[in-house]
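Here it is, the structure, as structure tokens.
The chains carry the letters A, B, C and D, assigned in the order they are written, with residues numbered from 1 in each.
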Amino acid sequence: MTEHRPSRAELTAFLEAEFPQNRCTLEELDEDGSVVVAHPVGESELRPGGTVSGPVMMTLADVALYIAILARIGIVPLAVTTNLAINFLRKPRADRRVVARCRLMKLGKSLAVGEVWIYSEGEDEPVAHATGTYAIPRER
Amino acid sequence: MTEHRPSRAELTAFLEAEFPQNRCTLEELDEDGSVVVAHPVGESELRPGGTVSGPVMMTLADVALYIAILARIGIVPLAVTTNLAINFLRKPRADRRVVARCRLMKLGKSLAVGEVWIYSEGEDEPVAHATGTYAIPRER
Amino acid sequence: MTEHRPSRAELTAFLEAEFPQNRCTLEELDEDGSVVVAHPVGESELRPGGTVSGPVMMTLADVALYIAILARIGIVPLAVTTNLAINFLRKPRADRRVVARCRLMKLGKSLAVGEVWIYSEGEDEPVAHATGTYAIPRER
Amino acid sequence: MTEHRPSRAELTAFLEAEFPQNRCTLEELDEDGSVVVAHPVGESELRPGGTVSGPVMMTLADVALYIAILARIGIVPLAVTTNLAINFLRKPRADRRVVARCRLMKLGKSLAVGEVWIYSEGEDEPVAHATGTYAIPRER
């Protein structure tokens, strides 16, 4: 396993190069390996009732997990999600970004499992909680 | 509960009016209440390795569930996802649409639960499987 | 991967030897690899309101998945569950066994994913639906 | 909603009366509403390889969620699980109890959602993580 832990700038550059459509931004990369990722909220993220759409939050959760794993194992483009489960808890605000904090629960040789808490930026109560598993390629 | 079951044209018109950014299309609406929904796959749906991104499939699963519920209870814009769990099974093809078939497992007064099988169009083996729950508003 | 597919008698003997506390029984082992497993329902499976307890159904789902995998890969005692998600759909009957039908969605080299439908014996409507993933040991 | 929050003794008495087969014990009931519940580990909880069986941990997660909800809303026997998802992270020890800490993420009028971390007693690293939803009866 590569021991080089990429910096925030390296991860951001990787996302921009490899996922040009991605709109999530890496906001924090903590010593303990947790990451904070944000997604803008505008017209195209809202659905009837003024709620942020579920898919925006699922995308954010998935990207946050992916970055949290890359932050630990190094930039391995071929890690893939094997499952993701999300609970929607409260209506997000229409006028704030959604922000995800992700922490890995387990980083094994072949599987990484993490949890993600999603908030409307600046709010205390989470709007969603997700857990997900990534398969890590063997040869790297 | 409204007894009017909307037609495919009514559901499509609703999606276009209320979810203008939505790129999923309703392909089939079956007698038994199952629906088939498709999402195009092009540059913006692919990720490194030539795979359709997880969020595209999660979006498709969520929209398929939503439509399957509206097809049964009538057009109730405020139904909201309470949870969604997805297993990614195989690498989808880069050159085909992804197609979801959704069937409700339960349609209760306050909760609807459904399952979604996702395929690369024309292929036999599923690329993902999701289950999800929607909360149905009380007053309608 | 071992190519020997164990018989129903072999699987039953394995369960009895290795899981002496297990109360699930293998009822069917189909050509296509799906299995049917049952759990008795008596005083100790019921909870207030005359419902079969959730843990009984989770146990049944887990055992059904395990057997479905062993039926395909051969008897490999060290396969372990990595996740399981269950939706409870209807109140099971207090006077019937609960019966699970499990089918694998994917059987990969390192992960197997399956789905389980649970019924009160003889009823048409499912009482629960589960999906689960098992990690398969590399060396066998 | 009843405002009486039951004491640890009241919850324990309720469990003993209504769930006589239950082997989980309520160990802590915190001010913030989180609860700690334990399950003994002996011959009947172990499976080949010396691991605590998955169903024991699922049972523990389900009971911990149930108690965390009752601790907040009062003793309402008819709350039922609508879904539960568990990730198994590490092999539990064969010689320790398994202990679950549960905290509610959301307590709504009709749904409560909680998360559960499970440990081998005295260990730092979790062996499993679960999230679950309970439906709360309307009339109480």
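The rule is short, and it goes like this: contacts are C-beta pairs under 8 Å (C-beta built on N, C-alpha and C of every residue); 3 or more make two chains touch, one makes a residue touch a chain.
Everything numeric in this text was worked out from a predicted model, so none of it was measured.
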Query raised in the report: If you average the Cα atoms per chain, which one ends up farthest from subunit B?
Result: D
Requested in this report: Weigh B-D against C-D on C-beta contact pairs and write down the one with more.
Outcome: C-D
Query raised in the report: Taking each chain's centre as the mean position of its Cα atoms, how many Å separate subunit C from subunit D?
Result: 23
Query raised in the report: How many angstrom lie between the CA centroids of subunit B and subunit C, rounded to a whole number?
Result: 28
Requested in this report: Could you please state the distance in Å, as a whole number, between where the Cα atoms of subunit B are centred and where those of subunit D are centred?
Outcome: 33
Report summary line: By the touch definition above, subunit D meets two or more other chains at residues 82-83, 85, 87, 133
Query raised in the report: Can you list the subunit C residues touching subunit A in their complex?
Result: 82-83, 85, 110-111, 133, 135
Query raised in the report: If you look only at subunit A, which of its residues touch subunit B in the complex?
Result: 18-19, 21, 43-44, 47-49, 51, 54-55, 58-59, 62-63, 77-78, 80-88, 91
Query raised in the report: Can you list the subunit B residues touching subunit C in their complex?
Result: 85, 87, 89-90, 105-106, 113, 115, 126, 129, 131, 133
